[in-house]
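To keep things simple, chains are lettered A, B, C and D as they appear, and every chain counts its residues starting from 1.
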Amino acid sequence: MRLSTVEFLLSEGWEAAVRNGLVTLAAISNTAVALLILGSLVLFGINVEHMAALQAQAAVITIELEEDADSGEVEKMLWANPLVGGVQFVSKEEALRRTAESVGLDAELLQIDTGDEPLFANPLPDSFIVRTTDPQDIPQVAREAGQIKGVAMVRYAQQLTEKLLALAQGIRISGVVVGMLMAVATLMVISTTIRLTIYARRQEIRIMQLVGATNWFIRVPFIIEGILDGLAGGAVAAAILLPIYSYVQDYVGKNLQFVDLIYSPEALLIFGLGLVLCGILFGAAGSLMGLHRYVRPA
Amino acid sequence: MRLSTVEFLLSEGWEAAVRNGLVTLAAISNTAVALLILGSLVLFGINVEHMAALQAQAAVITIELEEDADSGEVEKMLWANPLVGGVQFVSKEEALRRTAESVGLDAELLQIDTGDEPLFANPLPDSFIVRTTDPQDIPQVAREAGQIKGVAMVRYAQQLTEKLLALAQGIRISGVVVGMLMAVATLMVISTTIRLTIYARRQEIRIMQLVGATNWFIRVPFIIEGILDGLAGGAVAAAILLPIYSYVQDYVGKNLQFVDLIYSPEALLIFGLGLVLCGILFGAAGSLMGLHRYVRPA
Amino acid sequence: MIDLQSVGVRYPDGTEALRDIDLHIERDGFAFITGPSGAGKSTLLGLVYRNIVPTAGKVVVDGQDVAKLHPGRVPFLRRKVGVVFQEFQLLPRKTVWENVGFALDVVGAGRREKYHKVPISLELVGLAEKADAFPHQLSAGQRQRVSIARALVNGPPILLADEPTGNLDPDTSWEIVQLLLNINQQNTTMIVATHDREVVDRTNCRVVQLLQGYVVRDAKEGGKYDAP
Amino acid sequence: MIDLQSVGVRYPDGTEALRDIDLHIERDGFAFITGPSGAGKSTLLGLVYRNIVPTAGKVVVDGQDVAKLHPGRVPFLRRKVGVVFQEFQLLPRKTVWENVGFALDVVGAGRREKYHKVPISLELVGLAEKADAFPHQLSAGQRQRVSIARALVNGPPILLADEPTGNLDPDTSWEIVQLLLNINQQNTTMIVATHDREVVDRTNCRVVQLLQGYVVRDAKEGGKYDAP
């Protein structure tokens, strides 16, 4: 293609966007709204997933030892598992004291030493509290810890942990599914809108064909226009969404201590650029899909 | 208006929708997608709110009595509060047994009766477990119970309950806000789309005006067309969303026991009708807004 | 019936399309408007059905100053004025029959009235057999005749025709002109803008000639296309 | 250059627009096509720039069978054929200058070429001063002349004009026809569909007369609008 042609096609796309003021506005508006919804859902999903993961992070495994177990050996074995992230020893005395305290009993009372034989045998075993690097691995680590010699019983807040893990997992999966569906929905709205803008100018396309313009010569300005619309729509969506998100993040951080929204200027910037990129891609794809019907071999 | 005119306008709206096949499809498609998103969000919000409320429902208040309190009297006083939904008495012996069991101690051991004086004084008090009809009222009931003569201490899972309450409340408020924003977004998409369909036919509007059609005569068919598009879009959205929701509800019910999605055929039917109604309203509003620019005093 | 008093039209881009026009067409009168391309013929007709509002002077149609007309009343003025548009202005998604019927629809005519009048009107312009065709299925001359049929169908007291024979062969043109003259006999005030020398010269009617927005000649009767 | 062999065109709705047409226009030849409204003139021209594909027979343009042309090659055929459309077909969002320039844009002409050729072409049809106007700011006759300027601008070997003077006064019409004849002298094959009796009778060129889809007369030279 000659330079003048390239130049012509570019300026055509821009001119069309400008001279079609109202149609361009409509396309940008629909694109912006669609991307706004998509972006909000993505932000929401990311944060919910993040929170569920955080909660699961707090989950631990309690490993009770047999009466005569070698705690050092068990600890070594525990550390041997690469999934393990932390191990903390809790002696039987310590365990009793914690238990007693938790129900309001005086721990001293239970430990009165009456000589050779204690008044009351401490029924609690020595134990380890184990954390995993990834809460995901808790069930597996627990299972494997059960195999270690000297381990009497392995416990973890099975129900809670599994709930949280399932939740986080569910959010991740449904997030991807919903995200993809939303992306499709967004693309549909944008492409339908652009199709309508093209439909509104089908007569012009027809005239261009009559004068001998090739299909690509007709398409390129429309695609450029679609890209410009998408770019503008994405920028508008980002310009609306990001400040609102910052504000919400700030507000939530101050008023609901237990909810902690992700916030990092760089991440938000990337997110905003992502929206614009989506706009551009969807705009280009939308024009191509829209042109399909009106620009084809006569 | 004469009957023939009414008839004419109605058939005009219908004819236009049919003869404009492609444009009509575009309008229906955008309307359906927008309502689909709005509907999904509403369903999601309702369920999250419902779950948060359910969780909060499980919260209880524990009221510990003084050593010499008249438990019957306290119970009467508790019931006197209309916000109270249930009261359960837990004796000090019962409390000790439960506590002991929960940490794996043999309850019998602690209760060895060595004659006049127990080996070991039970440090736990008599108590009541109180439920409220509305978890919302827990803090207030707890405060009021503290005033009752004979009550030593009032406890409830303050943090958890307040979290859940705040969450449910937050979801409710933000649900209304987000829902309204989404409704506005949906309306914007629909009206912009319909505006584009009208734009595509601005020449026809112009011709009608030249031939002496009044503005209402031109508008009515477009509005009817908008209503039909909205109706069809709403119906499509409902036809897609409701089966998916039923399936998800069923799947979730079977696979994630702790999540319980709302399901009632009547409610879903009403919801579906609501979507269609939204479509109709938005379609009508969208056409009116779209017409504003092209149909006005010459 | 139609009265232009020192009328000027200046388009927003500065073009002076009409300047200081004084023109009076009595009730049931007839006038050809001639003049070269761009002389202002269509603009002059546009004034009468208030498609264009004069930027100077006054246009009075049937006793009403069109500039002072409430916007909501404009449709009612237009129903009194049948117009054959130079570029036809047919509704693309309506059949020939429906396009003609539309002029009756806007005045709230009943089904019976339409079924009575539309075929007569189509017959007059020789398009009865194309009643169910859509405009894009017609030749240009056929479209032009649909536009004529629509302007006639509800018997308006004023009829404006802008180059009504521009896409018609001489024979059909002559038939259409005779049709118009006939209608003029039946109490219809009429202005026909045309550049068809043959038609103008054969009819001996009033001829108003425009040039660059001015009336340069107004031959009351027995006018010829060009100045004598 | 243009060769129609037993060509028939039947539109999807069943209308027989052309029947069994045999017509040959040699290189640099000239022909008027006449005939009443709906005779098939526009359809015949449409065959040459492959707007319409014959349903019977064969259309050969510059040695190519248009029906066998690969769809992707159609634009290249159309660049060889300048067309003055009966209904102008101007791009509404482009100025007069840009509309004419567009015919050069499609062939990838450079800026210099455009700035050279477009003004010449506008000058030829007498529209130089309207270069920056948009189509809706023109009179119908001016729009028609823009369509003519666009058809001429890149000097196509074939030129088709469909009622090019339908909205022009006799003087301007005559100028345009002389312009077309001049261009024909400069190695351009040309077909002009018209119903302008005056123009046809004054020029003494070949006249092909259509009636209801048939060629009813083909007066090789010195043809008159009506049969002698």
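Note that contacts are C-beta pairs under 8 Å (C-beta built on N, C-alpha and C of every residue); 3 or more make two chains touch, one makes a residue touch a chain.
A quick note: this is a predicted structure, and the numbers were derived from the prediction, not measured.
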| message | So if I look at the partners of subunit A and the partners of subunit B, which chains show up in both lists? | response | none
| said: Quick check for the class: compute each chain's Cα centroid; which one is farthest from the centroid of subunit B? | reply: D
| message | Using Cα averages as centroids, what's the distance between subunit A and subunit D in whole Å? | response | 62
| task | Please report how many Å separate the Cα centroid of subunit A from that of subunit C, as a whole number. | result | 67
| Geometric centre distance via CA averages, subunit D-subunit C, whole Å | 28
| query | What topology does the chain touch graph have (line, ring, star, complete, other)? | reply | ring
| task | Identify every two-chain combination in which the chains touch. | result | A-B, A-D, B-C, C-D
| request: Going by the contact rule at the top, pick out the subunit D residues touching subunit C in the complex. | output: 11, 13, 15, 34-38, 41-42, 86-87, 133, 137-142, 144-145, 163, 166-173, 195, 197-198, 225
| remark: Counting only contacts in the complex, subunit D reaches subunit A at residues 49-51, 71-72, 74-79, 83, 85, 89-93, 102-103, 105-111, 150
| message | So in the complex, the part of subunit B that touches subunit A is made up of which residues? | response | 22-23, 26, 29-30, 33-34, 36-37, 99, 103-106, 109, 120, 123-124, 163, 166, 170, 182, 185, 188-189, 192-193, 195-197, 199-200, 256, 258, 293
| Contact residues on subunit A for subunit D in the complex? | 1-2, 4-5, 8, 16, 19-20, 204, 206-215, 217, 296-298
